[in-house]
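These notes open a run of structures that come right after.
The two complexes that follow have chain A in common; it is paired with chain B in the first and with chain C in the second.
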Partner chain A sequence: MELDLATLAELFGRSFSLWWAILPGIALGLVVGVLPGFSPQNTLIILLPVTLAMDTEAALAFMISLYCANHLSGGIPAILVNIPGSGGAAATCIDGYQMTKKGQAQQALVLSFVASVAGGLITSVAVLALLPFLAQLGLVLRSVEMVVIILFGLTLIAVLAAKDMLKGLIGGMFGLMLGAIGTDTVYSTPRATFGFLELYDGLPLVPVLIGLFAISEALVMLEERFTGTPPAQSRAAQWKDTVEGLWMCVKYWWQITWTAFLGLVVGVIPGAGAYIASFVAYQQSRLFSKTPELYGTGHPPGVIAPESANNGVTSGTLVPTMAIGVPGGSTAAVMMIVLQYQGITVGPRLFQESPAIAYGVFVMMTVAYIFMIPMVMPLARYASRVVTVPVHYIVPLILALTVVGAFADREYVFDMVLALVFGVIGYIAVKSNYHVTSILIGVLLGPIFERYLLRSLRIGQGDIMVLFSSPIANVLWALLVISVVLPIWRERRLARTAA
Partner chain B sequence: MPRQRHGSEPKPAGQELVIPALAVGFTAYYFWTVQELAWEAKANGVVIGAILLVLVALLLLRMGLQLARGDVSLRATLGGDRATDRLRLGLLGLCAAFIVVLPLLGTVISLALVLFAAMWLLGARHWPSLIGVSLVTPLLVWATLIVGIGTRFPLGPFEHAMAALLGLPGLD
Partner chain C sequence: MTFGTTTLTRRSIGAAALGAGLAAMRPAAAQSGFPSRNFRVVIPTGQGGGADRLARSFDDGWTKHLNGRQFEYEFFPGAAGQVGYELFVSRRDADAHHLLFGNMGPEMIMYALQRPRFRFPEDLTYFCRIDVDDSCVFVRANSPFRRIEDVVAEAKRRPLNVATSRIPHPASIGILALGEHQNARFNLVPYGGGNPTLVAVLNGEADIGVLPIALAVQQGERMRTLGVFNRENILAAKTDNAPPINAVFGSNIPDLYSSRAWAIHTRAIDRYPDRFRVLEETSARVFDDPAFRDAYDKQGLPIETIRYGNRATCTEYALGMIDLANRYRAQLSAQR
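Take a look at the complex of A and B:
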């Protein structure tokens, strides 16, 4: 399938016809994005039984809308109550809350919404334009390169996302090891199944996902009495404030554009994510500003930069997922699991095997942002009230619904038990600073890694040196080594300077 | 005797060994199950397992150095207070109980009971909310997942009664 104008028009038409999946996705994403600590992947996990029953395109449209809306609404509590709804909105607190304290809450919300929608739209259109080039990747990446790419992806996640690189790497390799459970692909002999027939097909991804993310997070949430603090009294918003906010967006259009691209670039790097993108955008925006002293005092570009970058990340995160099969973050990992369940293997060959999905994802994202424009203003006022939902209602609901969700995939009670076991592992991992996303991505990529490794070893007649036989792979090996060594070297240099 | 930096208590780090211990234990078990298999069946696990063991050895080395400097101790803590830990264990116990009673009572009744008990355990005492959430959520699960999507959740008295009452095919 070539990506010409007619194909694009067809994909847009199909995406618009999925409005019935996109609108609830946006509404739900906006509401749950306001809840601090309640991530989009958790919402997707709770709704897994529903998305698994939908057809692939509708499920994707729903998940993407929810994901994008979630990134947008994380800024609402950041602005109103100084609590970021998601990690990507943390930088928005700095100037957003100051604007609220100055009585400019409505202007800050409008800035946040417009920057988010524009940032998301600009970058999803940009990715669409780049996709034909990305599709060529499938022609140059073979088994050997894929083995290195998977290891490189896991290393980047450990370096950038985990607080401790060594622990991040241990998490990722532990995940890959767990992904090797089940019968082998050549002789069908069981490996490390603990005698359970239910594990012969490998570790089921849905219960693992539910345990590592949802159950562990629910157990962590118990430490908070509320998901947030009640919003402070602020002046009632007026239409004049909205118009003023819109005018500010026009004034700072260039700021919105370049910070969105910055978010896109950061999003493409596996493991970097919205948190890093929004802070990098905030810092860069301040660096190039003529009035850097105004940042932190309720300056509009201080809201625009992180929000635009935060939403630029959404399309960036999906690029490595679709192009090389390495999810850029946890929500992308959830989407990859749903796609695998539907029989679609993401990765370099996706553009040849399922082009409607590969290109369609970014078209759906563009359509979701278009739908968001009229929806976001009226919902914002009510969404902020969700911040005060007490934990004693939220936690039981998450636990009960996700344990039920673990059953829905394969209809085994065994999977519910497995979800609880991984919930405990995930909780211990979170509390001892092991990165759960690394573990999950390891489990997810485990069987794929084995397939590529075996294929490479067969080509090399069992010689492990085949992994160093390709120029592209060797470059990737070098980058992998640099990405591990560089942070250690920098840390040592800083420590020596400090001493 | 490890030297301790004056003025600061060594940080507890025993909890950081739980995941590596699980990883090493699982790797050893994996190696044991594949020892007699053909190379194709064990190559993947051996490559990953070897890297994992090296990484864990590095972590132990780093921790050993920190212990020797007196920066950390082997005391383990997950950072929560005892009351919250008890709530956590209680919730996990309720989830386990839910899985046990599920085949006996069916999805709707089990879910209603576990939701009510969990909210009560966490201190919810507002009766209308307690009853509302405990009733509405299982009914939504029943309507969407069991009746709508047709997932074969364990059925109990409620599901059978509703199937007979409403004449739902395949559920009675």
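Take a look at the complex of A and C:
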């Protein structure tokens, strides 16, 4: 799997020459990412006849650009209207939307774009340099380690609950209970589905996301309009805000770097999603911050951490796909179909037989992120104007787009109803000061946590000590304990100093 | 020769004969006007999975015989296929333009164990089997287990962790039956799909794996197949002559394999027998098309596993799987 500089230079040259496939891929990815319910894998499936007709490298360039841009733009609605475009952008809502409320929408968007592009660039270059090592990493992290990694994300519930622990924990527990809906992962026995076929595969993410965030937010906006409550601060975007956002990114370069690597590591693990990476990154970012109390109030690192990690996942997901022939996620699985249809079998032999394809994938990803810089920066200025659109226009638009989005993912009318039900749940939660993100974390991470926990327990043949049987897992357990105890200790020390 | 006002000449008779001859040569589809639109296919597993890839490699050849009509796929994974099947039977029109492409083995086991809201074969009929993919036992290349006998010997000392795609799966039945015959203990760990199962064996989380053999063979030198649950190993040359497990242990485990097949509403067969005949005839013809074998090979699948099966073969196999699942219900289901 060695790669010399001459080959690398040639690969970069070839990738830049594919600009005609990369630019439409980015444009489409940006649009699809903004719309909740439209995933990159669905889009690629729809466009399969097009990609199969293209030559292999052009098809790959198109698919990769679409995939990366999709991860980037999911943060746009999360920041502007508190609606994550995908599960991976859910953590961005926590501080991103608060920045918008403070009149810093454009800075938040710039933070999100720069963190995403930088995270994607750093990790795709890192993959080129460390591919043999990373390919092994995916094999080292097993179910037991995954249990602990997901627990890092779940502890975020407690972090969000800091202001009102009881309500926060109730919200998180409610989310975990909702996450248990669906068939069990061992025997495929349906649980709590109330006889609805549509719930057998668990609560669908998109309607839940749309309901909890988008519809509830639209209802709050409507209520504020009719009760005369002043709306969130909004002002016309200025170029200096873009510059200010860029400066913030320079200031937080280290944050971008390490959260991108965290995303890369999570992405390398087959089956682990972007939302695990973004929630864990947010939680870790807060943990190591000198000002953890600012998180949740519109703090820039709260936007940087999830966005950078979310895009670090993109290159990570393709590592197992290319290196061991096992897709790291559903988008990677669709890419595999196209490659195999073109007669290319992914796996270790690909690096000997077609290095231009094997390494080319990561070079294309790097090039796609480079192309994204000039494409998305002006977007920050214009996209941020959404917040100045009057409520009586924006609310119907949100409702129409999101309800269609709820339907689009699985094409069930049931999902539209579900989105409305979760909209009401979200509205009640917001009005009674329950954190909807706590509920969402439970819904998102609960089923994956259960899957890995049950798998680990089966591997341990019922012995719970299996959870402490691996050195890597034990190190992670120790870090988890530190991450839970440290904030409590820090808070007590501050209280004592203040006293 | 005249009939009323119409005069039949030798030339006109010749032209009519030529026309009739050409009509006979047209695809059956063109003659019946079916299909009149594209097909919509339910796949009860995820996008990019084995069924998705196989269906696509088949439909290129099939579409040529169906007036060029395309196949549009919908994916409804969940509950071991139950979601896709129930949705197909209850919410898709029985008009022969709606089809299902599934993996008969595991999905008929699901049918037996989970008692879904449809009846087989009353509501659904498989009519074109694509492949016979034997269940096998495999290990990673550097595993201490060199032969299937080593696996059984170790499983008599301690329970071995066995990675499997799903517990309700022919390969899982095979390893449980082997354990029962040899008094060996196998602990099934479901990974929810072929790819994660392969990873679990590769990273050593599970001691051994059981899957359809094509997936193990696709991994090349990184995996070693130790035995197959069938009376002969059709991929002997690609698996270092891995033996049939029955031949090694003198057991009588039934042939266990996965078989992907096209299915249709049984009501559609009753209502539109001519349409069904077109589908049956044209699908069988795809197997003679070298382009299909080429597409299959491109997917990295061993072409030896391609094996056409008609409606009767499919039904016999599916009913056999239901019987087998009922025999192993206690081990395969949470309902004791």
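Methods note: the second predicted complex is superposed on the first by the 272 of 499 C-alpha atoms of A that agree within 3 Å, B and C clash if a C-alpha of one lies under 4 Å from a C-alpha of the other, contacts with A are read in each partner's own complex, and residues count from 1 in each chain.
The rule we apply is simple: contacts are C-beta pairs under 8 Å (C-beta built on N, C-alpha and C of every residue); 3 or more make two chains touch, one makes a residue touch a chain.
Not measured: the values here are computed from a predicted model.
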item	value
Touched partner set for A:482, first chain B, second chain C, both or neither	neither
Partner chain in contact with A:200 - chain B first, chain C second, else both or neither	second
Chain B versus chain C as contact partner of A:45, first or second or both or neither	second
Which superposed partner A:391 touches (first chain B, second chain C, both, neither)	first
Partner touching more residues of chain A, whether chain B or chain C	B
Partner chain in contact with A:411 - chain B first, chain C second, else both or neither	both
Touched partner set for A:190, first chain B, second chain C, both or neither	both
Touched partner set for A:327, first chain B, second chain C, both or neither	second
Touching partner for A:433 - first (chain B), second (chain C), both, neither	first
Common interface residues of chain A - those touching chain B in one complex and chain C in the other	184-187, 189-190, 411, 458
Chain C-facing residues of chain A, complex	41-42, 45, 138-140, 142-143, 182-190, 197, 200-202, 270-271, 320, 324-327, 330, 332-334, 336-337, 340-343, 345, 347-349, 410-411, 451, 455, 458-459, 461
Footprint of chain A on chain C - complex, ascending	46-49, 52-53, 56-57, 73-74, 76-80, 82-83, 86-87, 110, 114, 159, 161, 166-168, 187-192, 195-196, 198-200, 202-206, 218-220, 222, 295, 298-300, 332-335
Interfacial residue positions of chain B with respect to chain A in the complex	15-16, 18-20, 22-23, 26-27, 29-30, 33-34, 37-45, 47-49, 51-52, 55-56, 58-59, 62, 78-80, 84, 87-88, 91-92, 95-96, 98-99, 102-103, 107, 111, 114-115, 118-119, 122-124, 129, 133, 137, 141, 144-145, 149, 151-154
For the chain A and chain B complex, residues of the former touching the latter	49-50, 53, 166-167, 169-171, 173-174, 176-178, 180, 184-187, 189-193, 218-219, 222-223, 390-393, 395-397, 399-401, 403-404, 407-408, 411, 413, 416-417, 420, 423-425, 427-429, 431-434, 449-450, 453-454, 457-458, 462, 464
